[in-house]
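Per-chain residue numbering starts at 1, and chain names A, B, C, D, E and F are given in the order in which the chains are listed.
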């Protein structure tokens, strides 16, 4: 996702996506009291399952929040693994302090109904310029959020672990003074060293 | 709608919206031959009714076309009242020449599958920064496209006609040298003159 | 000015600036009927003198018009030399057809009070990224609008005429097959030829 | 205000606005030594009263600073409640370290005279996309800055305190496991609990 | 290329790229008289060969022109097939009137030396967001400019001709009332019809 | 440089520029295994000298990283004084933790080959909107990065030291309650005090 960062350094998340799609607000739809049993955002909040990541398509429009700290708290209480928006949050400092992983494009104290109308939950969405389908695996860290299509998640996870282990080895070697030539990408000798290193590590 | 203009000056359209929503393309979904019976864009094209306006949510992303002239021609043959996208068209000059009203944010010769994935038809969408629900009335002219919620369409149309008639009168009066003071907004005397003018006009 | 173009190719304007500054609209200020004797935009329209150019600072915000065709008509009737905005106009096709030179960054059918609040007339403004002081000379053609500080206007105009005459000569020479070397910039021989050409031209 | 954040997390400000408006710089105006008795920015700095917030309209242009740490220090010495710009500051780290609340859209080491010309003080301005009139109340925290029209300030402050108290109650309840249904918005039973809670709290 | 359009509808170009790269101007480099024998832009203009397209990398910065009509005229006299910039031209109306195909992102009357410094000719460049190597084939029409890597040019041209012929057939069929189902993409029967149509056409 | 900030507050760098220029990626060039002896980025990494700053022209495109932590580690091992990009890094948190000064416009976990193609090393580049020539002196701190043309570096450094000393004095004076009038800019008396202060300081 492009332009989506954690509210606080060190926040991490991983889990399947529960999606919410906003469209632009319209005056005749988005005034009056919110009805928790009909408002699509509210319905979604009470349906998300423990371990899921609540992901919001805000059309990268940060002129208003897409959620505040009371609703974020409710998600946290339901066991939500984190929240992601390509818009903004209201009460961002409070959300950041509450501890659940939260990623956004900006902070904005305005209430969402002036800009955003909740349209659907659990449909494919765009978030930060990439497609997110319900159930896709989201992985977030200090660098941002990556989306892994659900059918590729197992393979990608295995690859990622192998890749990370290899990068640990390479960093160690580069950190000891090796040139990148022969090392990164690895030639046969480096690959052999790596296999040795892996054996010793276990 | 913001940033959406006709391909050719003078193009006009009016009709209820038939909506198509794109999300960002994903390599594993958007390669291979298109199946007209499954591809959401293609299904929509064969479902649109005569008099409807085909409206596309392209997330204001103009890096690729959202339709080319063969599909536009098919829409024209089905009696479509026009096409509107907040992205781009491929073969824009040919589409402009074919005569059906066509509005877009840009021209772009790239095929849409690299950037856009057709996700749904006949759902609420965002287009040019405003909400469009299926059945909303779109009215387009040289200045752009306006969206009228379907339940307001009759009232808005009556207002618009009355407004236009009044502006004709005001323009005539201003064009004859009247100050805006007393005229625009109209004071009682100007309103009386207007009633007289209307009677004589019929 | 950056991003400001004529509504119709071929439109030209020249004249001293009469400035209007908009700030963002605020709900409690910008609703209710307009009072021509107090509304700053309206007051300005009835104060502009024949030959002046009406210039609007719209903060490059094109989400609504900054003037429609009735007010533009009134300016035209007052002998205004043209209108310039770094925002948009409402009724742009009608304004373009009415004949007075009109320059803008975009077209937009929305009324200005939702986005813009008229704040002051005849103060220094920003328009298209450059400063415009009341009385500065604006010169516009198909390429856009240039601002000349009033105290430099005479010198700049003389320079521009001399420059244009020289460029006519250079274009003639380049069009006859001359290399740019020795010609543009001109060496002594070319300058001598130019002096000859000027004499013969008169 | 859109895109305006504190230089350091935790900075807070509240106070009436003292406004400064910049327009784009012009070479013939913005070179040579600054005269503190004539330069509009400098005059403003020596006029601001203790408790006021110094607010700058920089047209959201961050290509140069709008103030550096020496002038910011002078404002701090005068008892200024904080500084806000929709442009950038020069010497931002030093300004952040000096302790006075400071909000900006960016940091930029370039001196302001290349991009900005101080035009007026104590006029209505645009800052971060919203209108600020002299005397409007600015309230800033980690999330950004909010502008409250001066005639609404008392009412808004009372509302805000009541709202905050109610949100404390709701957060407590949601944090104890309550669903949002019946709680947010509050039904009659929840409102009764809230009244009880308020009594006990005092 | 993204955002690059012809100065006049109907302009077409095709030919190998001759590239010019600009970097941002620097005051100490870009003042004083231009020396045609050293200035990289000028040297390039006198080196381009007949049939080549002069392509400029302006970093999509349109705040100043990248060439004016005298230099454009010289290119035209040298037999240049056209000029392309992802910046702006000065004297755009005159360039458009002169007849050589010219594509740009904008018009701007400011001279290039304030913003652009000519750095190199005949190196790989970025133009409109895509890579252009010297010798790549550029093809431009009303829709914009497409870049074809030189080693693919023959294959792409053959494909394009076949594609265009097939699209002519498909448009004819769709224009006669055929559904896209079975036609686009073409099934076996449609392909057989197409082969027949091609034979009869010749 | 515009929009380029340190990965971690407090990072500082100073040194001559070693430049790398990226152009947009092209599918046929940027797939397959990287060859350290031919890939321009890799060649550059093994050529940079101790004390130099590795500077990358990424066309301000942050849709992918321009370097990851293994290559950054190698630069650190070679004694590189820091890295600067107007794009993004991959593995930004790891790069920030490794200690070498690193400045960028954003973080992005995507690998660079999808967006960027390394074109040349040690040529003049654009970075953050300004020109950087090989050997120019880059100075970076919490506020960003400034570029000093190499032939001006000694003079600029001397000026900067004098300027900084003077600003220390002025801050002290302003912090003691002086008005800016007479102080900043300094009048004769203040200059005399400053000379005294300097003598006592040494």
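Please note the rule applied: a residue touches a chain if its C-beta (ideal position, glycine included) is under 8 Å from a C-beta of that chain, and two chains touch if they have at least 3 such contacts.
The shown structure was predicted, so the numbers you read here are calculated from the model rather than taken from an experiment.
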Set of chains adjacent to chain A and to chain B: none
Copies chain C and chain B - interface residue numbers shared by over half, same or different: different
Far-end chain from chain A, centres as C-alpha averages: C
Chain centre separation (chain A, chain D; CA means) in Å: 30
Geometric centre distance via CA averages, chain F-chain E, whole Å: 35
Approximate Å spacing (C-alpha centroids) for the pair chain C, chain F: 40
Length of the line joining the C-alpha centres of chain B and chain F, rounded to whole Å: 48
Overlap residues in chain F, where contacts from two or more other chains coincide: none
Pairwise chain contacts under the document criterion: A-B, A-D, A-F, B-C, B-E, C-D, C-E, D-F, E-F
Parts of chain E lying in touch with chain F, wherever the complex brings them together: 23-26, 28-29, 59, 117, 119-120, 123-126, 129-131, 149, 152
Interface residues, chain E side, partner chain B - complex: 2-3, 5, 9, 141-144, 146, 167, 170-171, 174-175, 177, 179-182, 184-185
Chain E contact footprint on chain B (complex, rising order): 33-34, 36-37, 42, 45-46, 62-63, 69-71, 73-74, 77, 90-93, 106-109
